[in-house]
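Going by the order they are written in, the chains are A, B and C; count residues from 1 in each one.
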Amino acid sequence: MTTASTDFASVPQTWRRSHLLDLESLTTDELHLVLETAAQFKEATAGCARKISVLPGKTVCNLFFENSTRTRTSFSLAAKRLGAETVEFSATGSSVSKGETFIDTAKNIEAMNVDAIVIRHHTPGTPHLLAQNVHCGVINAGDGPHEHPTQGLLDILTIREHRGDLAGLTVALVGDIAHSRTARSNIWGLKKLGAHVIVCGPATLVARDWEKLGIEVAYSLDDILPRCDVLNLLRIQFERQTTRPFPSVREYALLYAMNRERISRAKKDILIMAPGPINRGVEITPEVADGPHSVILDQVTNGLAVRMAVLWLTIGNHV
Amino acid sequence: MTTASTDFASVPQTWRRSHLLDLESLTTDELHLVLETAAQFKEATAGCARKISVLPGKTVCNLFFENSTRTRTSFSLAAKRLGAETVEFSATGSSVSKGETFIDTAKNIEAMNVDAIVIRHHTPGTPHLLAQNVHCGVINAGDGPHEHPTQGLLDILTIREHRGDLAGLTVALVGDIAHSRTARSNIWGLKKLGAHVIVCGPATLVARDWEKLGIEVAYSLDDILPRCDVLNLLRIQFERQTTRPFPSVREYALLYAMNRERISRAKKDILIMAPGPINRGVEITPEVADGPHSVILDQVTNGLAVRMAVLWLTIGNHV
Amino acid sequence: MTTASTDFASVPQTWRRSHLLDLESLTTDELHLVLETAAQFKEATAGCARKISVLPGKTVCNLFFENSTRTRTSFSLAAKRLGAETVEFSATGSSVSKGETFIDTAKNIEAMNVDAIVIRHHTPGTPHLLAQNVHCGVINAGDGPHEHPTQGLLDILTIREHRGDLAGLTVALVGDIAHSRTARSNIWGLKKLGAHVIVCGPATLVARDWEKLGIEVAYSLDDILPRCDVLNLLRIQFERQTTRPFPSVREYALLYAMNRERISRAKKDILIMAPGPINRGVEITPEVADGPHSVILDQVTNGLAVRMAVLWLTIGNHV
């Protein structure tokens, strides 16, 4: 990396978006640019100097309609380390409960000269609707089961760090695909970069229809395991499920949990990822979570770098 | 505006208050000074440079005993953009629930070398009591139905921006006057600046007694509409009412909501204001809220400027 | 104090700890060093310049599993005044409620390049367990009834300010000793500095066993009162008690409350302390709380200085 590329003097002219709503609509070039920028931010903040004040005087607002600590904190820290001010808005106790519409709440936030709104909402498409109604930047931090683009980016950045080019790699997303915005963002991003994607889980959580996206659908982890370069173990999102998709947690773990025995049958250099929070004993056993294949904490660290990159790219040129 | 007036080097000697408790006790000169200072902060922060670090090392504490997101956020952002640190105290989970008195809580906050306490409390007069017991600055962010001085100031600043001198303008406050601290602060401020003030709403919410303040009392919006330069549409504060003051929301909207038809009978340049959060379909219809007469979002932006001005004036010279 | 000692250029080489878990394991030299450093921070921030940016780019996380406003705020302000970023994590709404283990939560926080975790937890030993599992600094902000080292330090700093050397002073801790982490931290710190410590309260809250720590156990405040240089009046922690340890609050106040009459029988220069929040009329009457012997608010101010010192000492050299 040259000095020129890391001074963050101005957002590259090839980046023209003031929002990050999903990975589906990003071009492959844009995807590469975000990842490269994130890698540069990571390198630039690896030492003592964790702060790079490229967004002085800017304000970033977290507008979260669903509980979140880690994503919210990650965005907030990313903004602060870029020298921006942060504002926290939550649905609880806010004007929303006084009958204000969602768009009015957002316009009020924007009117306080906020430069970017980071939004998490249970309804798919909310960030897209917001982007049509405000002039400030909009970053999707998760819209229901639809997309969670910065999670997809940080997962991909983590693979890229360990494997370089993603083309030709086989990446399996395991678990609750039906309710997972992380799965959708990963699928779009991984496919654009040439990876082979498998979604794997119980038939109640993995529809055959996913094949239409040009990915492989599997119901047996043991069948696909020997071919996988990366496993991304999704949480069973009990809080999003209205029916019981499998007989018991024990049954699920028996078929889909990564444990020592399965590691022994996997590729020697397999990467084990999980978006967290992990349920030890459900989708992953402690030996694997804390073992040499796990890059789970790298994902968290990369989340910061990705969010710094996304915030800078979208509002770094905002006047 | 000259350079000299916008460098914010020191608080004008004509300002001698270390608290802002209400608009009732401000002199007209003081009122002009706050408004002019707010206008200067707005201009100085209109471009990219939103931060003016005139309060470095100072700390501002939000001490809110009532839920609030927008006022709290506005004060917090104002403080941060002045370079101050902010501290958030809320009644929930705080020492107040362990039996500590309100004054002891405040004295503890002050003992952490806090320079200003921004207080919202359901009891009228709480900020005044606090000011007698602490040495730091006290800013009233709403004391029950009594006053909400920064809301009054931002409303007036918004009118001033669009109309210049307020003398001779007719401003109507419409709706729930009885429970509205915004109404009270507006009345004191507007009268000092020479405006003619009308309070208008159902008889259950607008007592004839208000005439004693030297303002006009009206029960029919349609009667006064042709004379009004500004309408300030107050929220029906369902949360403050213990009785049903009108038969139905539909009935209220029929008589008092600003809609397209009423706009057609108003002055061509009428300003439509609302302190927010607005209830679309109750006191205002969407066409009006989003229409050319609405300055509702200007109010939000001006709230920041007013709070920057008030914080700087009250604690800018604090040692 | 010389200029050299207050420039905070680098952490003294005699300090080698990256955690502050308790006062029990501190050496007397270490204790003196923290106190001296805190005194220097207090002096250096006494004027307008409250900010000493010796932790630029560092991040401090408050990880609180028990409600707290004042301790949390004190740590947060201390960090901000040192130029560090702060992150707030609370158990409510966080990943802990999604089934994540405590250690995983902490490791995730650390993976965001956090330099210190300030932890409060209801289980004794939690900070010690955490320190064994993360590489960042760990500060104990209260672990159940075990220790609350910064509270002990601020209490001692307050005595030191008013009396200088603590050797030979008689300090009585009065009230709910059984449930008090403040008592334990005070006992360890005070004994290391040569003070004579008395614990005093109802037999249901003060076991005879405390004598094994080399301190005096008393059940009558009136008996020990004439000998005391300092009284530290602990809160009756109703929220930690599962049984009724005394017949009534009135009975407790009759025997243990500091009031005007007891002051008249105490040493002329007795210091009255209380960790707060105080219950006026229970352990202390208003005349005493607001009287000339009370240094209760000094304790709060000193809390800031102590926390600045502790944060700087533990992570000031962290790379």
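Everything that follows uses one rule, which is that a contact is a pair of C-beta atoms (placed from the backbone, for glycine too) under 8 Å apart; a residue touches a chain by one contact, two chains touch by 3 or more.
Remember, it's a predicted structure, so these values are computed and weren't measured experimentally.
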Interface residue identity across copies chain A, chain C - same or different by half: different
When chain A is superposed on chain B by its C-alpha atoms, the rotation angle in degrees, nearest 5: 120
Computed distance of Cα centres, chain C from chain A, in Å: 40
Residue list for chain A, restricted to those that touch at least two other chains: none
Residues of chain A that touch chain B when the two form their complex: 56-59, 85, 87, 89-90, 93-95, 98-101, 104-105, 107-113, 319
Residues of chain B that touch chain A when the two form their complex: 45, 47-51, 67-70, 73-74, 76-77, 80-81, 235, 239, 276-280, 297-298, 300-301, 303-304
